[in-house]
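Both complexes below contain subunit A, partnered by subunit B and then by subunit C.
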Partner chain A sequence: MIRSDARLKARGALEFGVDLDAPGALHGVLIRSPVAHGRLRRVDLDRVRSAPGVVCAIGHAELAELLPSGRGATAHPAFPAAELRYRGEPIAAVAARSLAEARWAAARAHLEIEPLPIFAQIEDVFPDWPGAGEGESEHVNAHVLARQGDVEGAFARADRVVRGKYRTAGIVQMPLEPHACLARVDGETWHVQSSTQSPFGAREDTSAILGIPEEQVVVEASWVGGGFGGKGAGLLEPYALLLAAAARRPVKLQLSYAEEFELSRSTLPSIIWVESALAGDRILGRRVRLLLDTGASLPGRDFATGYAIGFIAGPYRIGAVELEGYAVKTNKPPFGPHRAPFAPQCVFAGESHTDEIARAAGWDPLEFRERTGWREGDETPLGQKVGPFGLQEALERARAIRERWKKELPAGTGLGLAVGFWSTGTSAGGEVLLRLTPSELVVETVEAEIGSGSVIRGLVAVAEEVTGLPREAIRIGRTDTARGPYDAGVYGSRTLGALGNAVGDAGTKLLQELARRIPGRGELRLEVIGGSCVAVRNGSRVTVASLLTDSERATGGVLARGRHYGRGGEILAERVLTGGFYAYTDFTAAVHLAAVSVDRETGQVRVLRYAAIADAGRVVDPPTYRAQVEGGVAMGLGEALTEETLWNASAELQNPGLLDYRVPTILEVPPIEVEVVEGFLGAGPGGAKGGGEPPVIPVPGAVANAVADATGARVRELPLTPERVARALKLL
Partner chain B sequence: MQLLAPTRAEEAIAALLDGPEGRVAVLAGGTDLLLDLDEGKSSPEVLLSLHRLPWRELTWEAERLEIGATLPLAQLEQDPELARRIPGLHEAVGAIGGVALRHQATLGGNLVRASPVSDLIPILLALECEVGLLGSGGERSLPLEQFLLGPRRTALQRGELVRRVWVPALPSAFRWQRVRPANDVSQISVAVAFAPKEERWRIATAGVAPLARRAKAAEAILRGPSPGEEAIAAAGASAAEEAEVRQDRRATDAYRRHLLRTLVLRAIRAVATGVGGQPA
Partner chain C sequence: MTPSLHLLVNGVRREGAVPPTERLLDTLRWRLNLRGTKEGCRSGACGACTVLIDGRPRLSCLTLSHQVGEAPILTVEGLESDPVGRAVLETFVAEAALQCGYCTPGFVVALTGLLKEHPGATETTLLEGLQGNLCRCTGYSSIRRAVTRLSEPKR
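Moving on to the complex of A and B:
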């Protein structure tokens, strides 16, 4: 089976964001802050404007004249008026005839900046966990605290306490295609085509930054060459639109790879403390503390702290739980989501800790997880009932794989297990429009395919199921935010769940409408005969062409609008003492096993085999699902072993390139066994659970646990580079 | 920028001498040079490409291998004799970048770049190879140790190109350590060769400052084809001690020193096992 975009992609025939172009389009370049913290005294763009090929250069001073009167003064304008909060922050922008000219001109800007003190690392703000009162700092973006039960009592009663402090590194999404967009301003309409995971999200952000009503901003997605969370919000669109307005010409704006590292909102470092109070093999209580570097994020934009922290307390039965975290403000670039935002890091801490508890007591880590793992009906620390959850069955499968590997792999191989859990982003709603023409079914959506297949394969597969049409007769029709139905975005493993439900809803309505037009009873299905769509009911066949009304014939087909209403669970408000915590929509387990060999003299880790058991609910399209699991594992191996952003004391990124930011190559990815547990149904069509994010979550934990199994040495810091492993082995 | 691609050596040398001084860049595989151009580190007026010159020899002589300066590394790696006759060079070439890179990169480019983290320089130093330099007055040859003057600095004079390298066929080994095994920069690499006639061991290390170098004090500790574990351990310790290691974003100095010791031991053992059986 070949995916419908495969040949086009192999031939380079698809138009990604980086390929966007228009007659007469100019090229934009951002002029960015050379310091991580400072006050802008002067921005002089004269030498930029006089450079060859330059059509316009704009900064904060030009916003007022470019934007509809009085609107430029938004809370967070595109270009800062005074304070620079991170290195690389856009201060101004230039558009020129060619990219080379724009780059050359950008370097001629004259900036006078008064340096301000730089907070580069979490420790610059909090050298240790803040004591009472110390957390009230202007360097805190958010503070979250939730409690269930008598935590202090649990620690007082414990016969054993296990503690660990873990550190995780910053990582970037690193899509193959950097951010890119093409903007033009037509009268009142600000139009932008963009490589985005969320056209409506980009519209909302652009509107807020520019102070232009949402209806006047039109966003159209291009094919997206990978997003991984980095393209879920507006980023380049406002700058490109401002340049297009100033130049009165279309403007293309695209990040270089080095800029992609600094500007795409990525995951930043964290410090996590976990302590558990034990009595026998029961966990009486657990305290989790998190300091998450959220960089120069704007307050109120933090979601990760109160969401991800919950993954350290679950999915286990724990008597009493306290979760507390600070989103720490530093002068790194703003934090942003990255495939399962911050969950692999939290699960690394939680699952290392779980293993440490088991190993210290001499228990089999797998059996310990079986005994304490959630089952349907258990309660989360925030008081939500656990829904259908495939954890126990996945653990059983893991046990079988582990026993087989023990026989097959040489002595000295380390085997590590980790459990991740996730809840998909189906809490956000969305709509699609189905258009049935005499020859095809078109799924109209604003969403672009970002590579996973969730749009061009997942939504088509759901449409096949509801209508009976073969995949060849179904097509995705991409539209823009002016014409298209609303959807929240291709993120949070929600696409198949949310938009798939909308396709199901629309398909059902479509068939009902056709059934009204064909007398009789019995189920109605669609099929294709000789290139024409045909409705079949009680054995009789009627072409769709003959069922159309005159107006449908004129407008191109029968329309049906389908909707997914976002729903989430409920948490108990009294357990939340401070800040934002979130309910889960559905409960997805991911149980992973890693087999590693460790060079005990150098610390080099090699992953020999990997197994991922996925709690899929229901698999809608097996090859697509499997590809997501394999890709998630590969990405997780990078987070586990090699990927980290390195920052110096001036909050300057030291490795903004693929030479020293090491994503795994195919040589580092071992054979991956994928198993799927079905039947524990989730919120998507027919009970499908989202598959994009769960497979990345347990990987760092599984690898760390395997290294501990092989060597007895525990590495509590990500990634597990050879040097860190060597230190844990006490070689240095 | 003008691109020249001469087919004859004389034309290439003439182009070097005729071009504006310092503004002619020599292009072999381009895997280093194109990055320099992209980053603005080099902005030549003339690009002199060597790809049309017939400089891709791979010729086995009685006791050495002649390698043309522009032979892509992948062709060297695929030579059926290499692994047996110069195992250390085979291991080193196979460790460079990834497969695609090796189809492009050349030995000449690697030597002229003279990078402190080159994976080829240590093995070629340990093998004591000779570099052939071609200029308007003909070809001269220099021991590699004299050819290399510092990072990005060589004994090449104006109007000269690296023409070829002669590599003695000797028992040898190459060991390296990287954060990511493929397509990464080595934190430390170590090459060891044994010259049976002189009964001399040669050790070279890279990832040290300022450029790959011989570890002569360590070499002096080793005697005969099977030096014995004690001598091997002492040589490893000595190599780690005499090296000038740096701390940078790829490794701390403590880890580099640890790696030096470990990899020197491994490389010596590998060579000793090959020539004299299992080390005692």
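Moving on to the complex of A and C:
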């Protein structure tokens, strides 16, 4: 069996967040803002409270009495006091005996709201790229500017300049399981079970929003029905806890799909300009300009602009580079992380541009990338040295696949190549506890298995490697934030790397401890004989049961704590003129090839074949790694072809549902060829690099380049809907 | 007045007072404690709540409990008692045709219904029949591998 959770999941026998229940639990519903921008004049919940089945209704006015004295006035309270910043922002909440009663009651709230001007789109703030001084605006969350070399000079010396303006759409993570949690307040302890990717992250957010010390908030993860970055923050937990405090009973809170679309904090639209100065086949200089819609994000919460913008410069040798971006504040819901946050969009622009350069000059797009692509030791625009990087070898593999496809596919098929890179790594750290009992090894962690397999397979595989025990004798023991060791969360392609290293550390310590108890010099390993764990050293076998101390027998086994807090990279401070930029850690390449056919009458794109070559460092568990690449590609195909949030001039989401926001179906994802390049080692166990995010990154770029190859028409806007393709083909 | 409802679920007769507007999904999950059937979009777009009614895949979120009548209902909890269901479950486990597992009950139930309705169905027929089941994790690749195995003629 490939996955130990497969049998239970196939039978529907695991408890996800939506399945949580407790005796006497009430059902909560959020009362949310009907407008995208306004000033709250009055919140009257009397008619909510008098509705049948209602136990409590709370808004900003009730925070002070519910929270420990003086704690209600946090910087960003659960319910706003006055200004409403986006449609759907929670204003109040109600708990009732049934969900139907809570919904009915929520609709009876009386809200008086003074409308304020709505900034729905980037263009409402900046109609075009802001000129000097025009970027100083209250509608800017962040401004970043970095420069390497003489950019002006590069453009002055150029033989040719290639320019492009690209647009990308808002997308949502849309895990099949919506956010859900179950909260209760026991005396001083605020306890919440939640479908979360990061129990400690949810605890930190909840503590900050409610003003309750972190130690008094206990978060326990349930099984998580997909996350993709959307379940990493304390989104629902504070509201559920407040309702539980007010009702003095457990409260279940779950988002509907429509709420999921509005509240889950994902990627918003962007406008990207790229221009390159060329001399022969060298890129003398590049200017990148980015306007990123960050919605109603709070100032100081911009993590994307100064990070993602580097991906537009690409993993290429460029003489001089200027990167400038604005995080634009609009009245859309706040921006948030979504599997390789904003990187597929940046790489779509960057790789479309790379192809445009190559095609304009008549060069083979693959050879051009081979000539200009980074090799280990090259320098990034921010002055960082590129570490072990499998780009060149992945391009070589892509060449072989492309030659084979050219023979096999009919004429007229478009072939597109795109290169993505990502910074995986282990700098967001964590800890685990290993517990060796006479019959099994338990990996104790707060983290839930969110689907990727990084916990249930990744951590177990590392424990197998370090101890010698078979996987059947190793189990994940999930615990809560009160009892469990700290970990940053299951996100950012860091789980196997950071937490896996912590398992390795703990396993090594565990074996050292056992070695102290068995005389001899040779290496100690563990194995299972007849259902019992046995330590093997110098050919002699001793049962673990016989090695336990009296106190270990009482507490359940030998304990070993492992930790890993990796180092981040460094950038040259003098390259940064304004704002925050971030260093990369493990340089991780992804090279993709797409084969498409384009309907010349409708503009419909069909992906016929897809190949993904991954720079894995070292693959710890091949089936799980392959599954991550396959799933990433499919998610990227949605971003490339169909997924797009549509907003009207009042910043209202027009398509909050899966009938109008189309994710790929089984017939729209072709079989995916996965190849792996190993040996360019990262910081994870045995040199593993993170695998969850890289495979989504090159997909929109590869598809756009394939469409251009098939038709000669360049679509510079995501997603590549039939309408946009038809316009590029001049059919409309 | 809340009318009484009689259902035949996984071979067992169940009865109780259920409001006329209640969805089968909610009756199964919260009255009968059969939470293997997953709640997704509640609007017929995702397929996570698929059950078999009279052997055919149906969306329990778009079915009122009182609409079902005498027709037998098979949920994921009853799949192991069905030879086709058992084969589908075993194949999904062997191929690890799942990641987060949330859409999986819907897939295995739908596929069981398709195979019962169309014995010897081709891979294409089965894939077409699964278009209403969304999966966000696997890219459908491992699910395809399971479908391929299930559509191979038995030796």
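We take it that the second predicted complex is superposed on the first by the 730 of 732 C-alpha atoms of A that agree within 3 Å, B and C clash if a C-alpha of one lies under 4 Å from a C-alpha of the other, contacts with A are read in each partner's own complex, and residues count from 1 in each chain.
In the analysis below, a residue touches a chain if its C-beta (ideal position, glycine included) is under 8 Å from a C-beta of that chain, and two chains touch if they have at least 3 such contacts.
In this text the structure is predicted, and so the values were computed from the model without any measurement.
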item: Subunit A residues touched by each partner, larger count belonging to subunit B or subunit C; value: C
item: First, second, both or neither for A:Leu667, with subunit B first and subunit C second; value: both
item: Touching partner for A:Asp19 - first (subunit B), second (subunit C), both, neither; value: second
item: Touching partner for A:Thr642 - first (subunit B), second (subunit C), both, neither; value: first
item: Which of subunit B and subunit C A:Arg7 touches, first, second, both or neither; value: second
item: Touching partner for A:Asn655 - first (subunit B), second (subunit C), both, neither; value: first
item: Which superposed partner A:Thr445 touches (first subunit B, second subunit C, both, neither); value: neither
item: Overlap of subunit C and subunit B interfaces on subunit A (superposed complexes); value: 659, 664-665, 667
item: Residue numbers on subunit A that touch subunit B, as the complex places them; value: 601-602, 604, 606, 641-642, 646, 654-655, 659-660, 662, 664-665, 667-668, 721-723, 726, 731-732
item: Of subunit B, residues touching subunit A in the complex; value: 98, 177, 179-185, 187, 249-252, 254-255, 258-259, 262-263
item: Complex contact set, residues of subunit C against subunit A; value: 29-30, 35-46, 48, 75-77, 79-80, 89, 92-96, 98-105, 108, 127-128, 130-144
item: Contact footprint of subunit C on subunit A as seen in their complex; value: 1-3, 5-16, 18-19, 21, 174-178, 223-228, 256-257, 450-453, 623, 627, 630-635, 657-659, 663-667, 669, 671-672
